[in-house]
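What follows is a set of structures to go through.
In the two complexes that follow, subunit A is the common piece, with subunit B as its partner first and subunit C second.
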Partner chain A sequence: MKIENLQKGIDQQDILQDINLTFKQGEIVGLIGRNGSGKTTFFRSLAGHYELDQGKIFINQEDIQINKILRQKIFYIDEQYNFLSSYSLNKLLFFYQHAYAGFNKEKYLSLTKKNKLHPHLKYRAMSKGMQGLYKTILAICSNAEYLLLDEPLDGLDVIVKKNVLGILLDDVSENNRSIIISSHNLNELESIIDRALILKHTRIQLDYHLEALRENARKIQLVFKTKKVPTLVKENSQLLHFQGRVITAVFENYTEELKTLIQAEQPILFEELPLTLEDVFEANLANKNEVNSLGGVIL
Partner chain B sequence: MVSINKTSSKPYYEQLMLGIKEDILNGLLQSGDRLPSVREMARQLMMNPNTVSKAYKLLEAQEVIVTVKGKGTYVKKIDPTLRDEYQIQKIKNKFNELIIEANYLNVSKDELTHWLEESDQQLKGESI
Partner chain C sequence: MNKQLMIILKKRYGLALIVISLLILVFYGYLGINDVNRWKAMESYYDSEQYIKDLNEIADEENPRYKGLSVNERLALDKKEGLSLFYQTNSYDEQGKIISDSDKDQPYYSMYFNENSLLLIAVVSTIGFFLFFADLKTSFNEFLFSLGVSKRRIYYSKLVLIALPILLSILLAKILFVGIITTGIPAEYVNISMTDLAKNILASWTTCILYFFVSVFIGLVTGNMLLGPLTAFGFCVSLEFFITGITNAWYYFTHATTDVYITGKFFVYTVTKDPISTVPIMLAVVSSLLLFVLGAILFPSLTLEKRGNYLLFDKLKIPVIVAMTIYVPIVLVFSQGVYYGEDQPSPIPALLIYGIITAMIGTYLVFRKEFQEWFNQKQQIKDSIRIE
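On to the complex of A and B.
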């Protein structure tokens, strides 16, 4: 799927701007942003629930706004506005079978049976966890190529969460689907996604491939003799915080050469700390706003 | 058993490779043993299947494991006479770097030797 220059505003307010992205098959992508950052708007725009103000979306080089049958390749259930609640699972199966030509009924039946989701059960009579599980089952059984999952783990207990993740992971290893998961919880997603997109201020601010990031980035605590931070450090890192003389910084492209150069500045303390995704995002996002005020402190 | 440390600066696929090698060295996995499939392993570790698959492919290239189409992935027989000179050279380089760091921190040669014996013992000790 290729998204070109997508733009969407609601009530004269820009929600999404300049979105240019490509999703590959077999990829699990995390869409990360705070509440109100536009994650749901992004999904609704892709799924065709909203008309785009600008931009195009292609699947296999075909424009999905023109060839509407391509919508079958996208699965999305709106969290707020959906029709599920008053129907029984049996009825929902019937609907989804008609909506998605490639619907895998066998898999649906075996998964619902395994998880004790009875066909006569009403959707609204199920617990939140059960609903979450059921939506995941619908998603993978639809056989759509692109699954857009809006906070699929939100509000689920640990056991259901593991179950949902397990179903998704099984599915990606078997089928070449791409799964786009939105969340505001980085820790939850850290081990399962290939790629993280950070949505902030109406734009995709960052696009990381996580294994590369883990390989190249380091979080380092430093203390120098003088209060001045060497320019070398300032140029190559994002400063997380200061505590007196102690500087904690994230170096996104950490190399042996850089290490030698830093050591040449003779720091009193030089220690690598465990780096989590959250550090990287905090470093980047905080810096965008506060670069000036931080700069003042350094000098 | 293999586990992933989220706070380590090592990429997950490297951690997985190292974990499997460790299991082989201390006898938890023996030649001919079947490894969990990519899918099973991904589920066990709650990890992205692409990452597991990358680790498996690299291990296969290093001739640590072998995949038989339609059957599964197995631990390869270790040939005691076979040495991969390229990989050995790479390890030696890493070792050199370690020595430099250690010297810088005033670690004596005796201490280093002691560490070497300790690690060796740990590997062998666990297999008994």
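On to the complex of A and C.
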């Protein structure tokens, strides 16, 4: 899927601007952004709920706004606005089976049976966790090529969460589809995503491939003799915490050469800490200053 | 039509559609049988010994209609007037003779066509309104828009699958109703031709179509849970008053008549024996077609972030305010008729006052969100100044 120059405004306010992205099949992408940053608007725009102000979405080089049937390759259930609550699972199966030409009924029946989701159960009668699990089952059974999952793990208990993640990961390993997940729970995302998109100020500010990030970036805790942070550190990192003389910073393009240069500044403490997605998120989104120094592809 | 979409729509609406269509048919069948039974009860009453005895005892002076008539002739006269499908309230002079001119002026009445057209219009308008409004408010549109089918196709499919059966069942119900009455009553009392009956059925059906499409259109362009239904209700209730108002306004401003104004119904709602004008039929058909086409143009541009707005389409904002500003004053000022003469006040000040009030209310309703945003911005600026 290729998104070109997507723009969407709501009530004379720009929500999304200049969104240019490509989603490859078989990758799990995390869409990260603060509340109100436009993650749901992005999904709704892709799913056709919102008309685009500008831009094009291509699947297999075809514009989905022209060839509408391509929308069947995208699966999205809106968290806030969906019709599921008034129907039983049986009827929902009917709707989704007819909505998606490639719907895998056998898999659906096996997964619902395994998870004790009775066909006559009303969707609204299920717990939030069960609803989340059910939506995940619908998503993977739709056999759509692109699954858009909006906070799929939000509010689920540990057992259900593991179950949902298990179903998703099994599916990705079996099928070559692309999953785009928005979430605030960065620790959970980190364990499953291949790529992270950071949405801020109406734009995708950063596009990380986690493998590359893990290879190149480091989170380092440093203590220098004086409170003054060496220029070398300032220029090559994003400061996460600065307490007394203790500095925690994320370094982009961390190399052996940079390590030697930092050590030349004779720090009292030099300790490499595990770099998490949360650190990246915090460094980029929690800061008031514009992000331009981390190791993602700056868009 | 898209097969996948039709299957989904059938699943969603099929049962409700069958139930509603059957209810309309059963209700009209019941009304027809009820009216035939009423006719039979009246016939039995006329044939009762008591009635003939009473008829015998009435002196010529007491009722000039019976002057010089034998009992059988009196009975025949009563039966003709009381059992005929349509009758006129005749006027008699002091000698008991019918005033012949009244034939032309008096409208026909019927005791045996109790169609309950008001209920039918209410049902038709409600169904029409919810045809698009329900899917918007229950978020079924989100699902429909993900199907890989164009919105225009969704629009047409809904109308074909839901509107067509409902409107056809109404037509069928009307035919059934008239059929039951005309076959249940002896032909000598059915004082209307088949052609007139057919014309009446079709004319009253076009009125249903008009109310249906008016409601469909309002349901399609509004998104507010309270204001949407209120708009549909208000418009459907006042439509006749508007037609009356605009006719009276025309009379008034063109000085076409001196003190004549109309208050009768413009559209045909049920079977009558009064002559049917083609104007209301044409107006109903053309207006319905226009609304249908306008809906087909608008629906494809529907975007769901506006789902809670009073108006779902920005391009309708100004036209709606203008329409309200013209519509409401005409209904309020002219629907009861306006005489003009030296001692009568001019309706223009009232038109202007109502127009200004409506324009203000309309502007607020349509631009409510913009007003709120503007107010919030002002408030934020005030607050920031206070903090500084």
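By our rule, the second predicted complex is superposed on the first by the 282 of 299 C-alpha atoms of A that agree within 3 Å, B and C clash if a C-alpha of one lies under 4 Å from a C-alpha of the other, contacts with A are read in each partner's own complex, and residues count from 1 in each chain.
Criterion: contacts are C-beta pairs under 8 Å (C-beta built on N, C-alpha and C of every residue); 3 or more make two chains touch, one makes a residue touch a chain.
On a predicted model such as this, the values are computed, not experimentally measured, just so you know.
Visitor: Quick check on the superposed pair: does A:Leu261 touch subunit B, subunit C, both, or neither? Answer first, second, both or neither.
Guide: neither
Visitor: Can A:Ala47 be said to touch subunit B (first), subunit C (second), both, or neither?
Guide: The second partner, subunit C, only.
Visitor: Which holds for A:Arg214: it touches subunit B only (first), subunit C only (second), both, or neither?
Guide: first
Visitor: For A:Met130, select first, second, both or neither according to whether it touches subunit B, subunit C, the two together, or no partner.
Guide: Touch status of A:Met130: no partner.
Visitor: Which holds for A:Val223: it touches subunit B only (first), subunit C only (second), both, or neither?
Guide: After superposing on A, A:Val223 lies clear of both subunit B and subunit C.
Visitor: A:Asp11 in the overlay: touching subunit B, subunit C, both, or neither? Say first, second, both or neither.
Guide: It touches subunit C, and subunit B stays clear.
Visitor: Thinking of the overlay built on chain A, is A:Arg71 touched by subunit B (first), by subunit C (second), by both, or by neither?
Guide: Second partner only.
Visitor: Which residues of subunit A are in contact with subunit B in one complex and with subunit C in the other?
Guide: In the superposed arrangement, which is not itself an observed complex, subunit A uses no residue for both subunit B and subunit C.
Visitor: Please output the residues of subunit A touching subunit B within their complex, sorted ascending.
Guide: Within the complex, subunit A contacts subunit B at residues 26-28, 162, 165-166, 169-170, 172-174, 190-194, 211-212, 214-215, 217-218, 272, 274-276.
Visitor: Using the touch rule from the top, collect the residues of subunit A that touch subunit C in their complex.
Guide: Listed in rising order, the residues are 10-12, 41, 44, 47-51, 68-72, 74-76, 78, 81-83, 86, 91, 94-95, 98-99, 101.
Visitor: Along subunit C, where are the residues that touch subunit A in the complex?
Guide: Against subunit A, subunit C makes touches at 4, 7-8, 11-12, 138-143, 145-150, 301-305, 307, 369, 373.
Visitor: Tell me, which parts of subunit B touch subunit A in their complex?
Guide: Those residues of subunit B that touch subunit A are 4, 6-13, 38-39, 42-43, 45-51, 53-54.
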